[in-house]
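Shared between the two complexes below is chain A, which pairs with chain B and chain C, respectively.
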Partner chain A sequence: MVQAILDAISLGGTYALAALGLGLVFGVMRLVNFAHAELITISAYILVVTNDLPLIVSFIIAAVVTALLAVAMELLIYRRLRGTGPAIMLIASFGLSVLLQRVYELIFGALPKSAAIAPWMSGEVKVAGASVTISSIATVVITVVILLIAGYLIERTSLGLQLRAAAIDFKTARLLGVRSNRLIAAAFAISGVLAAIVGFIVVVENPQVSPMYGVNITILALVGIVIGGISSLRGSALGGFMVGVILSLLNTFLGNARVYAYSWLFLLVLIILLVRPGGIMSKANEMERV
Partner chain B sequence: MEKIKNISGITRFSFIELFGPILIITAASCLIGFSSASLMLTVQFALCYFVMVLALQVFVGNSGVLSFGHGAFAMLGAFVSGLLTAPVRIKNNALSMTDLLQSIADIQVNLYLSLLIAAIVGGVVAGITGVFLMRLNGLAAGIATFALLGVAYNFFFNNTKFGPGSQALPGVPKFQNLFIPLLLALVALVLVYLLNVSSIGRTLRATREDNLAAPALGINIIRVRRIAFAFSGALAGLAGAMYSHVAGTVQVQDYYLGFTFLTLSMLVIGGSGSIWGALVGTLLVISVGQVLLMMEQGKAIFGLSIDLPNGARAIFIAATLVVALLWRSSGVTNGKEFAFPNFKKKSN
Partner chain C sequence: MSLLEVKDLYSGYGKVEVLFGVSFKIEPGKSLGIVGPNGVGKSTLLKTIVGEISPKSGSISLNGIDVLGKGPEDIVRLGLCLVPEGRQIFGGLSVTENLQLGLTGRKDKSTSKKALDKVKEIFPVLTSHAKHQAGMLSGGQQQQLAIARALIADPKILLLDEPSLGLSPTVIKDVFDQLKSIISNGTSVVIVEQRAHLVTSFADETLIMRNGKIQARITPEDAKDELKLKHAYFGSDN
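Coming up: the complex of A and B.
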């Protein structure tokens, strides 16, 4: 029972971080970045490949490379597509996602690569009379800390203020002196670091890294930002958290019918969207203009 | 004076816009299809993709609302048509189908009838889900339709009562010749063209261009979107059914993410505003893929043999998509319908 609750919270936290990364980029440029999945994947690959180095060193390498890749995406591709409309950017990001998957396949091979990352994390400890894995506690701690840092960054710093302003109304934010290119690049860099952290969390649980490693979590996080409310960063994180918690609880309590967990999750998503089209955190009558 | 924005899509019936694409499809299918047996199969698959891209064009292209859910209707169409036409003997004895409902196992209908049923089922399900889904807009609509695809995939992947689950359904009869899928694609093309020039097509494009002005002119946005969604769902069902009769099998993975995004990419690369764009996009993506495949296999193309390492093909296809969008974000055709090349200097 304790393990089930911890699992739910840690999965929720992981999805919240992924959703926050997606939501940051969506906020500044209305881009649904499918290639976020490949940022998570590259982080996991690097952690596996550099497993001989001390954990902190290999994580820093992963974070730097992932952030650089995120910024490179923006500079080489998304910057040129700005203003073409969300549908086209979404398809382009999907193309980029497939492209990177194939490049990974060429570099790392199609078969999963694995290594025991932070093996001490798979041990168990006793909490309130029940034994739980260290990794689930660590995940909860990491996500809470990162969400607090991200919350501080977004609520209390000038960069965060600019990001929030841009998420609400990008044009007006520019008129008020927000430097769009720099801000968008910063959003991509932060989203890259968040992806690296998500990559670390998932690779500890499941060290079998293959080219499509990050796709599943990205799609679910994307579902999360939509049901949470795409126009607010807090809503994105909350939506991601909810998706993780719901999925984890469904997996625990459906028993043999757990193969249908995704069906129930998606049906729930459909119902939430029909009741609140703009997401849970939105005002009732707010509608996106196509 | 500021130039008025060039709005993509057709307004009036034009003989050339309809018969140009018909001629090109027929000529290309026959010329390429009859040149070799392996190309014949490629052409048949291409025709299925084309019907699917047309289905997407009707809804996504005209309304501007993204849909990832059409894969679900294609999946449904494939399962309906595949299960209806597979021989009773195979359905009762195949190892992958021991759980299949007896009433499904004992039924067998004619190929043409099953195609019709698949289209009707696709249309009915799209019509029913559209009643709810079409209230949504923008990204919420995209994710909601994706949820539909997710439910369909999850259901068919795990359920062994209404299909083979994650395994392949064997023994689905194949099309006897090229002309059946070709004819079906042409019928779909004509239907889509007629819908696009009808008042439904035109009002739908009006809602795409301005969803505040359109209702002010008396257009019921939700109503026209529902109609278009149901119609395109029927076409997607047909496309899925056709695909199963070209492949000779039904497998749930064939209609999931890869299929959805491949067909959406074809539409966007060609230009989502027109059926000419749908055709050009399908042709372009299929031919790039085919040429690269032949290079990978070391075959000579026009007497020229370029060796490509394995795996390079997939990279090239994805790169083509990205580059095509960077080069021309509104698609190769810019959303225009077919016209004879005009070599005279343009007056505007």
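Coming up: the complex of A and C.
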């Protein structure tokens, strides 16, 4: 039971981080960046290929490369397409996602690459009389710490205030002096670092990295930001967390019927959207008296 | 040198042309009204001035600096702030956070605290609602917040798009009184309104727009002649 709860929280936290990364970019650009998946993938690849280095060095390299790739996406592709309309941006992000998958295939090969990342994390410890894996405790700690840092950044800093304002109304934010290029680049960089952290968390559990490694997480994180409230950063993180927790609990408690876990998950998503079409956090943002 | 000078401005949206050769200027510490029926291009004019829309031709200079091609975030830093139509406050953020966002466009960050205190002095209602969600304020309070948020950037010129929209006559009077005090402190004000009578008696000069052009320029004295005002507003056929 303890392991099941820890697994649910850790998977929820992982999806919350992925959803927050997607939500940050959506907030400032109204872009659903499908290529976020490839940011998670490159982080995982780098952790695998630099596995001989100390873990912290390996992770710093992964985070820097992932953040740079995210910023490069914005500078080379999305910035040039700004103002062309959401459909073109969406197609561009699909195209970029597929392109990067093929590039990874060329560089790393089509077959999964693997390495034992932080093998000490697969050990077990006793918590409340039950055996739980170190990796699930580490994941919970990492995600809680990162979500607290992200929460501080978003809620307490000037950059965070600008990101929140831009997520609500980017045009008005610019009228007040918010520098659009700088803010969007910052959002992509933060989104890249969050993707690198997600990449680290998932590669510890599943070190078989292939070109489409990050796709599944990204799709579920997208579901999370839709049910959380696509225009709210808090909503994005909360939605991602909910998707992860629900999926983990379904996998644990459905037993042999776990093949239907996704069906149950999406049924729940449908119900949530029928009750709150704008997402769980949409009401708070729309609270206007006049 | 004028504070803001717009010369022979042609602008619009894609192939749709809205403005046809608009020219005007405003001096420091003065007020200018721009009135006209719905759809004549008043908001397009403001959007072009603040850099939201690129004009087809013409020039816009602020304190002698050509601002064509600059984005809204750069134009704010040159001293021109817009209070957009419908206030556009961030309803989900607190009043204080809305005001803090106004500091983003401020050049001199060292006096930010002073600027916050100053606008709270002009709009005392914002102090008592500092921690409240801005979306929960009344229409008049939201308008005051929108003006305060723009003033915090220390603009030399303040542009207001339909500041009376959705407000009761008493609240409109309060807002215009506050604008008078802002002008007396040396900030120029440009007010765009559909309701001509609100602006013509208030502004040093009022431009009347029709069909994307400035059709008449009237002073508060001219505005006392209702027939003249009516002809200028609707055209001589009406």
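Details
Operating definition for what follows: the second predicted complex is superposed on the first by the 283 of 290 C-alpha atoms of A that agree within 3 Å, B and C clash if a C-alpha of one lies under 4 Å from a C-alpha of the other, contacts with A are read in each partner's own complex, and residues count from 1 in each chain.
Note that in this section contacts are C-beta pairs under 8 Å (C-beta built on N, C-alpha and C of every residue); 3 or more make two chains touch, one makes a residue touch a chain.
Just so it is clear, the model here is predicted, and its values are computed rather than measured.
When both complexes are overlaid on chain A, the residue A:178 reaches chain C alone and has no touch with chain B. Residue contacts after overlaying the shared chain place A:274 against chain B, while chain C stays out of touching range. Judged by the touch definition given at the top, the superposed model places A:158 against chain C, while chain B stays out of reach. Judged by the touch definition given at the top, the superposed model places A:149 against neither chain B nor chain C. With both structures placed on the common chain, the touch criterion links A:168 to chain C but leaves chain B unconnected.
Counted by residues of chain A touched, the larger count belongs to B, out of chain B and chain C.
By the document's definition of touching, of the two partners only chain B reaches A:230; chain C does not.
Once the two complexes are overlaid on chain A, the chain A residues touched by chain B in the first and by chain C in the second are 287-290. The touching residues of chain C, counted against chain A in their complex, run 50, 52, 71-73, 76-77, 81-82, 84, 88, 90-93, 97, 100-102, 104-106, 133, 135-139, 142, 149-150, 153, 166. By the touch rule above, chain A contacts chain C in their complex via residues 158, 161-162, 164-165, 168-169, 171-180, 232, 284-290. By the touch criterion stated above, chain B contacts chain A in their complex at residues 60, 64-66, 132-133, 135-140, 142-144, 146-148, 150-151, 154-155, 158, 207-208, 211-212, 257, 261, 264-265, 268, 272, 311-312, 314-315, 317-319, 321-322, 325-326, 329-330. By the touch criterion given at the top, residues 32, 77, 80-81, 84-88, 90-92, 94-96, 98-99, 102-103, 105-106, 215, 219, 222-223, 226-227, 230, 259-260, 262-263, 265-267, 269-270, 273-274, 277-279, 287-290 of chain A touch chain B in their complex.
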